[in-house]
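Each of the next two complexes has subunit A plus one other chain: subunit B in the first, subunit C in the second.
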Partner chain A sequence: MNVLWPVQLQPDVNAIATPPAPRRVRDLPGDFAIWIFIYAELLVFGVFFLAYAFARAGNVELFNEHQQFLDRTTGAVNTLVLITSSLFAVRAVEAIRRGAAASCSRWLAMAVMSGGVFVVLKLIEFADKQEQGITLSTNTFYMFYLSLTFFHFMHVLMGMVILSAVAVKAYRGAYSASRHTGVETGASYWHMVDLVWIVLFPLVYVMH
Partner chain B sequence: MQYQSQAVAKPYFIAAIGLFVGQILFGLIMGLQYVMGDFLFPEIPFNVARMVHTNLLIVWLLFGFMGAAYFLVPEEAERELHSPKLALALFWIFLIAGALTILGYLLVPYAGLAKMTGNHLLPTMGREFLEQPTITKLGIVVVALGFLYNIGVTILAGRKTVVNLVLLTGLVGLAVFFLFAFYNPENLVKDKFYWWWVVHLWVEGVWELILGSILAFVLLKVTGVDREVIEKWLYVIIAMALITGVIGTGHHFYWIGAPEYWQWWGSIFSAMEPIPFFMMTVFAFNMVNRRRREHPNQAAVLWALGTAVMAFLGAGVWGFLHTLAPVNYYTHGTQITAAHGHMAFYGAYVMIVLTIISYAMPILRGQKAGNRSAQVLEMWSFWFMTVSMVFITLFLTGAGILQVWMQRYSDAPMAFMVVQEKIELFYWMREVAGLVFLIGLIMYVWSFFVKGDERVVASAATA
Partner chain C sequence: MRAKTFPNAFVVWLILVLLTVATWVIGEAGLGGPLVVAVLLLSITLKGQLVADAFMGMRDVSSSWRWVVSGWLLIVTGLIGLAYWTGVH
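Right after this comes the complex of A and B.
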């Protein structure tokens, strides 16, 4: 049952007649390999966040001073955009579990487009910083800001590539209600990209 | 042997083992020169012995990789090698060019060799590990191109497996990054920066793909586990190896004049480099535990498990020891580096080549596996070489810790040579461990000549 979206857009009349096969709780959605990958990625970001905290502790004033020049509005908009795109990914998985491949493909396309919005806003932000002559060598704060956001940016691009590939496959009918590991795999990766941003944004842009 | 053309791997493997013996002999000479500075002077000065020791290692590993490719590519692609004749021709070109280069190192003063070979036309010599005359480097490129053409055509025309494609990617990367050996800028910072693109991006980048694919191939053969399972592991391992290894190059940029952010990037990403090696260990043991058959070549299984463990220890753990910038500030260029270098090269690359040789050589000689006595001797040689390498690493680590303490960390640092004298005992112990390694190597070579019960061999060959 969908908990993220309480309002059923299309009332599922078959839901009572044919209850979905019970999933074993310990089953991971998607391919097991992607989870090794997700944990490894989270570990890298986690170490990066720890390094940020460590460096900030030694230089709080510098971090606080330069943090206020970051574009928090764009950051907040991007947060909403990514969370929304994750919702689209959830809808896509839900659609394919019902066997609605075309709908799954559409939701995925919307997730990719939201990712595109994130990328465009981020590029504007990067261009602005570049115009101000800010580089990795400006100071430790900007080093972390640029490294973390750029590294995450590359993950957004990677996620968009994955979701696009899955969307095309879904469109061509490669997935069904019983066989759709690929959709779950792509969605899981996309949620990881989203999750990292949800930590990154308050940490680097807001908290001081 | 499933395909006749796989036979071209044999001379490559034999040459590899021959050069391996040479490498170890020069290692022992150098090890002795650490404590007896004028040993064999002026015939073989320390710098020459070191150059021969490291260059022979690289060359014999390349012979091993090429032999491995010629053996496994036809089997994976399910077709004969595109041109066995080209493979044999390249073998002789590479062997003769390599031998001439080593003789050049030994017989001519290095500056004279540079002059003789026209280094001034395109100066590339005089840099650690890339000491080869420019003309030899060009020869390496020609051999690499011919080799890539040969196996590339075979792979593209045949069955494309993940093992083959990962191997091909690794080998293409090996050739591409070697091209930076020809870039030799005036600026010393830039020179060092791109020098690492050959050295680091080989051993902590593309070579890991070669290692992973050879290991996957051998495990596939000796365990009979589903190809799908092995391929998935291989994908995840190489993806992790590349993510951590490529940006991990930064751990060489801390103190060479590159921007400061490399201290963060290098530390964070290279700290993750042990992960793919750990996964490789889990992978190897997992596959062997899930094996569907008892392969008669137990020696090859031992090598495969051994390389996974030793690569994790040598490359992963000993690499991590000194990879963080604040630690490396003190350990840079000490015996800690030498300890890591020895165990990492042995564990990751020497052992993977010995793994594929162990698996392939009996097949190339018309048997499924070596006879029992030969395998027992080979396994003994495994333990002699591996345990002595552990001790070489531990002694060098001990020497390194003392060196860091006395020469770098203490309030009253001592001069380099004063410290070297104080840690002499460790160098002696390392030399003894090196001699045990040589004994192991002699046993290894001997194992190819051990005759066993002919009936067992015959029945294995028909199996």
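Right after this comes the complex of A and C.
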């Protein structure tokens, strides 16, 4: 028994011996592989955006005429939903860096629920277009509108699956303040989905 | 220090909300033309860089990785601007 150092006053020798390593400036958050995936996705979406923009240059009247029938309010609300869900993902990463796994899980669940709101609003929008008989074959504008938004929609679904899996793992205590690569990886993917929509909404719904 | 001077995530979220509302107002007002397109492209670039820096944490990584996202934003918005300019002329 150590009479000189009562238990509550004993120095944490391990903490002194192995201080937490400072985060290296060059490290990307999360798994490096997700960044290759993110950069590849950005490239694909970038090409898609430019194809839209240059196709529009040859059909300005057609694009302007049909763009005005899009629901800009739903598009704007969906932008707000995604940036808010991104903030939730940021909070989840901050929480796990403090070691607050339960809080991290809750923030991730809120991000997933926000993604759910996006999905519901987008499905309503797609159903409305379907009711009007609008398909990929209707004209070049709707071909781009439907394919671009549906392609992004699939990424939202994939992001929700990833964040849900990370949230469950966080809830089960799989992550800690020193080991949370999975949380950063999921959050990084989700921010990419947000980033792409930030370009897509003004480009397809507003710009003319 | 950079980390202290950069706005926190909530402030960035607030800026993103305001820019999104501004974009919606422009759309609802039916505004268009080269100047409006330029403003919207600047707004996209600013929003995208804020998401990359504050949300994705790119401001803490080495400049080469950060520039991939910034470069993507600049190239995409620049070429969209060129395409719209081509459509006008």
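One rule holds in what follows: the second predicted complex is superposed on the first by the 186 of 208 C-alpha atoms of A that agree within 3 Å, B and C clash if a C-alpha of one lies under 4 Å from a C-alpha of the other, contacts with A are read in each partner's own complex, and residues count from 1 in each chain.
Rule of thumb we're sticking to: a contact is a pair of C-beta atoms (placed from the backbone, for glycine too) under 8 Å apart; a residue touches a chain by one contact, two chains touch by 3 or more.
Here the structure is a predicted model, which is why all the values come from computation and not from measurement.
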item	value
Which of subunit B and subunit C A:154 touches, first, second, both or neither	neither
Touched partner set for A:143, first subunit B, second subunit C, both or neither	first
Touched partner set for A:123, first subunit B, second subunit C, both or neither	neither
First, second, both or neither for A:36, with subunit B first and subunit C second	first
Touched partner set for A:168, first subunit B, second subunit C, both or neither	neither
Partner with the higher number of touched subunit A residues, subunit C or subunit B	C
Common ground on subunit A, meaning residues reached by subunit C in one complex and by subunit B in the other	43
Subunit B-facing residues of subunit A, complex	31, 33, 36-37, 40, 43-44, 47-48, 51, 55, 136-137, 143-144, 147
Residues of subunit C that touch subunit A when the two form their complex	9-10, 13, 16-17, 20-21, 23-24, 26-28, 30, 32, 36-37, 40, 43-44, 47-48, 51-52, 54-57, 60-62, 65, 68-69, 72, 75-77, 79-80, 83-84, 86-88
Subunit A residues within the subunit C interface of the complex	23, 25-29, 35, 39, 42-43, 46, 49-50, 53-54, 56-58, 60, 64, 68, 72-73, 75-76, 79-80, 83-84, 86-87, 89-91, 93-94, 184, 188, 191-192, 194-195, 198-199, 201-203, 205-208
For the subunit B and subunit A complex, residues of the former touching the latter	232-233, 235-236, 239-240, 243-244, 259-261, 264-265, 267-269, 271-272, 275, 279
